[in-house]
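Got some structures for you, see below.
After this come two complexes, each holding subunit A, first together with subunit B and then together with subunit C.
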Partner chain A sequence: MTTAPFGAELRDVVVRYGRKDTERALDGVTLSIRPGTITGLLGRNGAGKTTLAALLAAFRRPTSGSVLVGPAGGPLDDPFENPWVMMHTQLVRESGDVWGDSKACDTLDYYADLRPDWDADLAGRLLDELEVDVRKSPDALSRGKRSALGAVIGLASRAPLTIFDEVYLGMDAPSRYAFYDALVADYTEHPRTILLSSHLIDEVERLFEDVVVIDRGRVLLAEPAEDVRGRGVSLTGPADTIEPFVAGHQVLARQHLGPTSQVTLFGELDAAQRAAATQAGLEIGAVPLQDLFVHLTRKSSDLKEDAR
Partner chain B sequence: MSTPEQTSTHAGSQAARAMAARAHRRGTRAAATYLVRSAWLVGAAYWVVVLAIGAVILYIELRGDDVSISAVGGPASSARFFLLVLGIILPLGMIALHVSAGGTRRSLTHGLWAGSLVTGVTFGLATTLVLWCGGWLFTRQGWTIEPERAVYGDWSQIGSVLVVESLYCTVYFLAGMIIALAYYRTGGWLGTLLIPVALVPLLVAETTLQSGYFGSPLSGALGVPEMSGWLVPLGGLAAVALAAAILQVVLRAIPVRPVEFGQSVTG
Partner chain C sequence: MFDGPEPIYLQIAQQIRAQVLSGDLAEEEQVMSTTQYATTFRINPATAAKAFAGLVDEGVLYKRRGVGMFVATGARERLLAEHREHYFADVLGPALVQADLLGIPAADIVDHVLGRSTTPRTPSYPEA
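For the complex of A and B:
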């Protein structure tokens, strides 16, 4: 018997690190995390992803606003110093909250002692698969193996709210894919809420059910992944046939291969436009999440440069 | 997406409160165990060095035919300073991992209290044992034993020595933790300004336990009357309670961030 997946609500949350009011890591964030989903938390460096994760895991308090976490179908509570919520929330940070100069198995033992749903078998299997030697200290491990150790902790904790904050950055491609596979398999078997923060959007977007995009401390969008993907469209076909459909849309990307072009547009085509495009022999496709993310989070200076 | 075997327990339910209480106990026990184990892993090496230093000093004094009991008493009574330093190092390596593992700051605080007490008493016991052995050796050899600058008359009063040294070790250990966590919480400048706060329990301990390097001279300088009877352990306990309370205030609501140098000492 395990606890149901957790959801979260943030209302008008502000986090200020410095004394100046302008130094806001989060600036009026209002957001819901649906329980029992894998949510992608996307944002550029310094956008506020880590601060948001730290609030959910009770690593810190917001300067103002409210953060509430709790199980599906139950009341939500402030996670800060709430033993029941904290024991059911796992944040794995890129820095890795491990004892660097002690054997990795000492760190794992500590987590196992405190985590009520710790799965030692799963931890053992994953450590073998990712080839992490627990007799070594994390400081003696490569960055990739150290990241793998964090990933194992996150999965084996089986916390109803599990947050991975750029945890797999140091891992090589085979290890990352092994981790993604393990995550999906364990998530299917033991449903919970997973928040994935990553720069490797192309790799992980297939996992996302919901997407949250943060930029400079503000939430740009928080929607189901399918809706986000529907915010753009790609057209492929003869260059001169495509151009009439481009008018009135913002072009995210344009590629040419001989007489064939592919144009990525921000915004949707209405039914009539779609029908016309199909009739003209154009192929209509979805837009990679990464392209939309890049477009949404571009600084205004970048946009001005593009316009020149 | 919840499955039938999943419960809809929430934080306010009775089952959740029972689970939270168990989690608190687990967190407290894990923190205390780690603290005591780490202190003694390093502490074992410390005692080997202390005994070696004592033996070398004694050997040199014997060659000069001027033997002093301070050859044993000096190194042995420095355990409290060793624990002050260890108190600065250990909790910095614990806080992020403890909270990341789902423990609360409250369970960490209680774990540090319990761990400090056990470490303080066991180090106090080790100090008492070394002092008693030194006293026994000097008596057996017929060497002169100078009177101790302590509330206890001499080292044969094992009970009194144990109480005084245990209280000293516990207070110094807690004071080290206060210094470290105040820096962790407030940063360099404010952390430095807060060092005197950590020294207040030490001042209370030194002026009531009145033993060792600072106790008697400091009490004399401050005009504190000589302590005796129950006032000594009561004063020491007050110092421990004060240090524990300050530690709780420092740890309450402390934001967690990675510590670069705060490592485990068990490696």
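For the complex of A and C:
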């Protein structure tokens, strides 16, 4: 790789759409994507993930605010109509961005010409492994094979900024795992910035170095994955024993099972609180990223409902 | 693998310490590279690197430039000493608390440890 991994900065980004521009796909997003990381982009359907990806790849412009993309350590630029930045940015969307009615190998030739760091050997190996027949047209391929073709284009482009927007759709489990394996292996040898959006959080969370959670066009969370994992804590035990530990924390969920309660808290317990909780006979547990995500995004939508 | 509540890098470090303790990883033996670790366990390479860096700081592993990571001489002995120190507090302590809770007399436990227990190896106590 000749070009350093790209970083990205978004400041106060708003994207409006719809009649009279009243709807907001993104509503004041300020965010940094650290160069050289695999960053997970998580959000519910309609949260704004795809709009964010389209901005970074210069497929569209924000209504207001700034989007800057560029190599680590170098100046960041507006990617829109910026040939150099666009050449080094690969977005793989659900649609695949392929010529549906001509042979898949024609699309591959196109990307090979377009991306300066394209690796044809890697593409060939992955296409074999994922059993994609490049003599067929993408329209003639199954949903899963079409997605696999997109995944191969994303990996083989070796672009300093590579964005996979729900690339796994229709891919069966063995193909998805082959994709994750190829991603980790190739990223380790050719470091670059990878933004990966997925609803299959359990499958991909360990691949992430950073995690961004967006909900209703806003950033809920953007930090190292390790910190996110430490964000939630669950306490299990007698209800009245738990209550003193709940004070001062945001409660994400509360479940009662007879005399036993389980409370999921947003926030950390310090060492003293942990010791005290254990002493009191409470069980302290971790909250998987997927559960934390479900709680966080449900919470924020509930709040909006309440406000109406 | 790595499903515990602790951060993944700590779980990786713990797994390697356990392998050194058990002798599965001999001293001066090369350990998997960050890349091999990341691809084998499908985790972010930075997470694996953080685990290895921690083990280097602890003196369990050391780095040979351009070659890889190796288990340090004396690492097993040091880990044994540390784990022995914590054995009573961390392992036996909770087991004895549980025995109290179940109403198992200390004499039974001693008998069991000394192998002169009359109860089967997996003792079943009558429900109180």
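Assume the second predicted complex is superposed on the first by the 251 of 308 C-alpha atoms of A that agree within 3 Å, B and C clash if a C-alpha of one lies under 4 Å from a C-alpha of the other, contacts with A are read in each partner's own complex, and residues count from 1 in each chain.
Please note the rule applied: a residue touches a chain if its C-beta (ideal position, glycine included) is under 8 Å from a C-beta of that chain, and two chains touch if they have at least 3 such contacts.
All figures in this text were calculated on a predicted structure; none of them were measured in a lab.
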- Partner chain in contact with A:L161 - subunit B first, subunit C second, else both or neither: neither
- May I ask you to decide whether A:L235 touches subunit B, subunit C, both, or neither, giving the answer as first, second, both or neither? neither
- Can A:L292 be said to touch subunit B (first), subunit C (second), both, or neither? neither
- Message: With both complexes overlaid on chain A, does A:P83 touch subunit B (first), subunit C (second), both or neither?
- Response: first
- Task: Please work out whether A:L130 is in contact with subunit B alone, subunit C alone, both, or neither, and reply first, second, both or neither.
- Result: neither
- Message: Touch test for A:S95: subunit B only (first), subunit C only (second), both, or neither?
- Response: first
- Check the residue A:I284 against both partner chains and state whether it touches subunit B (first), subunit C (second), both, or neither. second
- Task: With both structures superposed, pick whichever of subunit B and subunit C touches the larger number of subunit A residues.
- Result: B
- Query: Residues on subunit A in contact with subunit B in one complex and with subunit C in the other?
  - Reply: 37
- State the interface residues of subunit A toward subunit C in the complex, per the touch definition above. 37-38, 177, 180-181, 184-185, 187-189, 206-209, 225-226, 229-230, 284-286
- Touching residues (chain side subunit A, partner subunit B) in the complex: 1-5, 35-37, 54, 57-61, 70-75, 77, 80-93, 95, 97-103, 106-107, 110-111, 113-116, 137, 139, 157, 159, 191
- Counting only contacts in the complex, subunit B reaches subunit A at residues 1-3, 5-12, 16-17, 19-24, 26-27, 29-30, 34, 93, 96-107, 253, 255-258, 263-267
- Residue positions on subunit C within touch of subunit A in the complex are 2, 4-9, 34-35, 38-39, 41-47
